[in-house]
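Okay, structure first, notes after.
A, B and C are the chain letters, set down in written order, and residue numbers restart from 1 in every chain.
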Amino acid sequence: MLRLFPAITVIVLLLPVLAGLIGTVAPGFGYFPAVGGTSLSVQPFRDLFDWAGFRPALSLSLRTGLIATAASLIITMVLLAGWHGTRAFRWVERVLSPLLSAPHAAAAFGIAFLIAPSGWIVRALSPWATGWERPPDLLIVQDPGGWAMIAGLVAKEVPFLMLMSLAALPQTAPEHSLRITAALGYGRVAGWFKAIFPRLYARIRLPVYAVLAYSLSVVDVAIILGPNTPPPLAVQVVKWMGDPDLSMRLVASAGAVVQLVLVIGVLCLWRLMELAVTYAGLHAIYGGHRMRRDGAVRAAGLGLGAMSAGMVILGLAGLAVWSVAGFWSFPNALPDAISSRSWMRFGPDLLHPLNHTFVIAGAATGIALILTIACLEAEHRHALTPASRSLWILYLPLLVPQVAFLPGLQAITLLLGGGTHLGMVVLGHLVFVLPYVFLSLAGPWRQWDARFDTVGAALGVTPNARFWRVRMPMMVAPVLTALAVGLAVSVGQYLPTLLIGGGRIQTITTEAVALASGGDRRVIGVAGLVQTGAAMVGFAAALLLPRMLWRNRRGMRG
Amino acid sequence: MRGLELRDLHITINGAPLVTVNTTVAPGQVVTIMGPSGVGKSTILAAITGSLAPAFRFSGQVLLNGTDVTRLPPPARRIGILFQEELLFPHLSVGANLAFGLRRGAKDRRAVIDAALNDIGLPGVADRDPATLSGGQKARVALMRMLLSDPQALLLDEAFSKLDTDLRAQMRDLVFTHARARDLPVLMVTHDHEDAAAAGGPVIAL
Amino acid sequence: MKVLAASLAATALIGTTALAEPTPADWDSILSAAEGQTVYWNAWGGSTVTNDFIAWAGDQVAERYGVTVEHVKLSDTADAVSRVLAEKTAGQDDQGAIDLIWINGANFASMKENGLLFGPWASDLPNWAYVNPVENPAVVGDFTVPTDGLESPWAMAQVVYYYDTARLPSPPTTPAAFAEFAAANPGRFTFPQPPDFLGTTYLKQTLYDLLDDPSVLQKPVADVDYPAVSQVLWDYLDDLTPNLWRAGRAYPQNGPRQIQLMADGEIDVAISFNPNIASNAIENGELPDTVRTFVTDNGTIGNASFVAIPYNATAKEGAMVLANFLLSPEAQARAQNPAVLGYGTVLSMDALSPEDRALFDAIDLGVATLTPAELGTTLAEPHPSWATALAEDWVKRYGVTQ
């Protein structure tokens, strides 16, 4: 029975993605019976290439995706190189969970308010320092260069890469290597990059690819912070999907195919860049430069890391202030009037979606946990060694752009008579929740000292009883963390809920995005905070429950 | 025949031969396996308890009191083992750790546990967090936990290596005394000659 | 691919023709079938005042007719069109997810053309008696496309502009004056980015104002010399765009976004389709109370908002009951109250009883809302092909310039 679970898990992950891809790609080649497209043609692609915004949109996606990923990776690595194991780094670890759990949309709204010409930063400096009585006419948010969007992406991806790196780091035994490089006279950063980075990178390669694929195809952050003349390709595809002219669906599908090709192409390009960096790195290692004066690099790493974290935290604080603001004129740094009116007005509307959010998140995460634990336990009991490609399967839903398979998945769920059942939405979420839950739990699960199990067996206790009485209690903290990660991922899902739920299933995130379309910062404040709160509940539980549970068990704490 | 017998136990790693043993441990006797690290000492014990890692394969038989236990599931073998680490379950109290090993059907479990703790000189610690015990105390609890499960043989996997010299001698005495009192065959893996000398039984050098 | 094609074809063949369709003319049977139904009303959710109104309407029909209303808040009405289309693609010809859509213009034209709507039913509603299509042709012609009873009107809207008197004492009321104002105050005017509904309306309104003979706009684009007619607009925008907010390199994504921009002092004047927008926003603390409304000299475009029922809706009867309630004098008077919504009524005052008429007379217009007389001439919506053509053209000229 247990042996079947790895296969079931693979099907749960692959089937929706592959089926969705087929359902999305077919209209791109003209097959779309509902609007009379029954023959294969390349006309949708011709129409796509004829769109005046095609080249700029493509190059925008390419540029923002590459820069955001490279910047996130560099900031994470410099921060680790300069500060891992120091006192300052504990602060980094402390802010990691809240930063990770803040949903992308809420973080982006917060950042938009912070950096806009009428935003908090300008308000704080006006008019005493800037002389501005009215906001300057500066194109900061939604700039054609996409820099605001890149900033928003970096602020959310650095915590993710940091988490992944911290999980992988112990396997590279960084303290030993650093002691040796220091003894050989290398500066901290140089020693780190030469001795640890290559081994660490090999372990976080897939997360980096996931960040790259996500940054290339992001929709919600791009709508909020990205340019619109034209938008990145993925946003335009979503717009076309919603065009009243139904024949635009064909162009949208063609766009989704191009988006998929773009992601695959850029992943290949990134791989080539990896090889180039490896080559250059070897030269640098042979060069033997010690770079003992690396204070500036370390400061820059800490500064950039603090900036990206600060943007999210201050942005969320800004949302909180807006949520209780009456009228708030420029350039006042605080509202002219404070009122609970926005909470009274919008708060009750959010209760119902909140309920749905937790039902969906709870079910998707619960199933993901069961599948994950069953796979890991099968691996342990039957001494299975996971093939290296199994990790790729796990990452597949994170690598394939959402716009390239969700529209097709929607059509197929309808085809199967799935209708708009909550269950289908749960399955849609599961595709995205499962990889994160698995990745989060697999490390601690596999690192567990199997001799506890040997002892249990020698004491005459059966495998099932050992699982429930020894392993699960000892895994409570990692299981709760995986649960929190799963909940946060599910809470943040926008496109899967919207498309598979047919709008009938509203979660706090679809509600927040719909309410936010009106641009009223008070509503955005309330919805963004509730959304962030919903995502953080799990992390709070993961932090507090083990402490309460193991109050008298020192061996169970850290 | 009583005791623990390893009959042509032959272990391979990824197909390559690793180690072969043929020995019999009589009840109350301690047989020591010595050798440099990497030679496969602990692997022999893993084969006996049935927790061999997937890279290893073995042929031959393990007989306990005349019964072939080679194909039995590990919990049914009734072979106890002590490692270098005590491996007390960190989420259970000291008493619950002992209760974990206590055979089902034992009457008045709490009294049995209290008596056992008395027996190893640790009265009244049943409700304590195992993490608050000293190294020597933990080792004694681990031993008692194993004995309470009523094993028919005992394996020692570098069980004393972590302890300092004084404690080490005490602990060795305690283990051997209890094992002899229960007439258990003991197979000990160590790299320490003192351990071997204290055991007083045959030594197999690998 | 083949499997998918085969199953699509199979589902289409089997279909479902056996289901009994409701007969709108037999209102009693509609009422009894509606009781206990849940109506999923898909309506744009970006405006909190309309959300509140929809919630109120839902409470009323629940209480009176036992019809539960779930407001599915859309960020774009086209999402609902997509959904019905996706259902049709998958052969789901009944038990659809959507029962009622707040719709008009191109979305209606598209659904009508693709056979995605149920009906005709609108003129069978009991409250249709209060509507007078002769007096107000907009209730049966949606952007010049005949409604053919496939959708029922529930609100009138008219283009207005709003401005902050604290910064702009006298607003521009002609295209030339707008250009002058923008040149003198660069960055203080913008409009929602076409193809947004309101942004496209701005293009149509400005073209109306610029043309000597706007009657060409009533014909389909294909029937007129479109490039020649529209050229005057592009010449005008070529001059205006560099003086727009952010020099025309970014635009607000929809109408309500302009409210925040005006509150922050980024812009001085903005367009809206809701004559009551300023009073509402002041009431909600979103705008300072110095904001006022105006219309341009030649009159502004007006249209009706409708509700339509998808061909595969689950609760068609409940949807009709809701649509009928929206047409009631009580609901219409509430919608016209600026403290609630401030939408114009689609009813004919002459068709109402004196008591019902008194409901409308008692409404207190807000501080920044124009009276019907001040709103002036209502211009008819151009043929929907104009919206499509102008938006497409605008995107090509100004929407993809980096």
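Following the convention adopted for this analysis, a residue touches a chain if its C-beta (ideal position, glycine included) is under 8 Å from a C-beta of that chain, and two chains touch if they have at least 3 such contacts.
Because the structure is a prediction, the values reported are computed rather than measured.
Inter-chain contacts peak for the pair A-C. The central chain of the assembly on a C-alpha centroid basis is A. Chain A and chain B, compared by their mean Cα positions, are separated by 48 Å.
Chain centres here are Cα means. That of chain A falls 36 Å from that of chain C.
Chain B and chain C have Cα centroids lying 81 Å from one another. Those residues of chain B that touch chain A in the shared complex are 46, 49-51, 53-54, 73-81, 83, 85, 87-92, 100-101, 103, 129-132, 145-146, 149, 151. Interface residues of chain C facing chain A in the complex, by the touch rule stated above, are 1, 4-5, 7-9, 11-12, 40, 42, 44-48, 51-52, 55, 70, 72-83, 85-92, 95, 97-98, 106-107, 109-110, 114, 186-187, 193, 245-247, 249-254, 256-257, 259-261, 263-266, 284-288, 388, 395-396, 398-402. Residues 22-23, 26, 31-35, 52-53, 56-57, 60, 117-118, 133-135, 137-139, 141-144, 223, 227-230, 241-246, 249, 325-330, 337, 339, 341, 345-346, 349, 410-412, 414-415, 417, 419-420, 498, 502-504, 506, 510-511, 513-523 of chain A touch chain C in their complex. Residues of chain A that touch chain B in their complex: 383-385, 449-463, 469-470, 473-474, 476, 550, 552-556.
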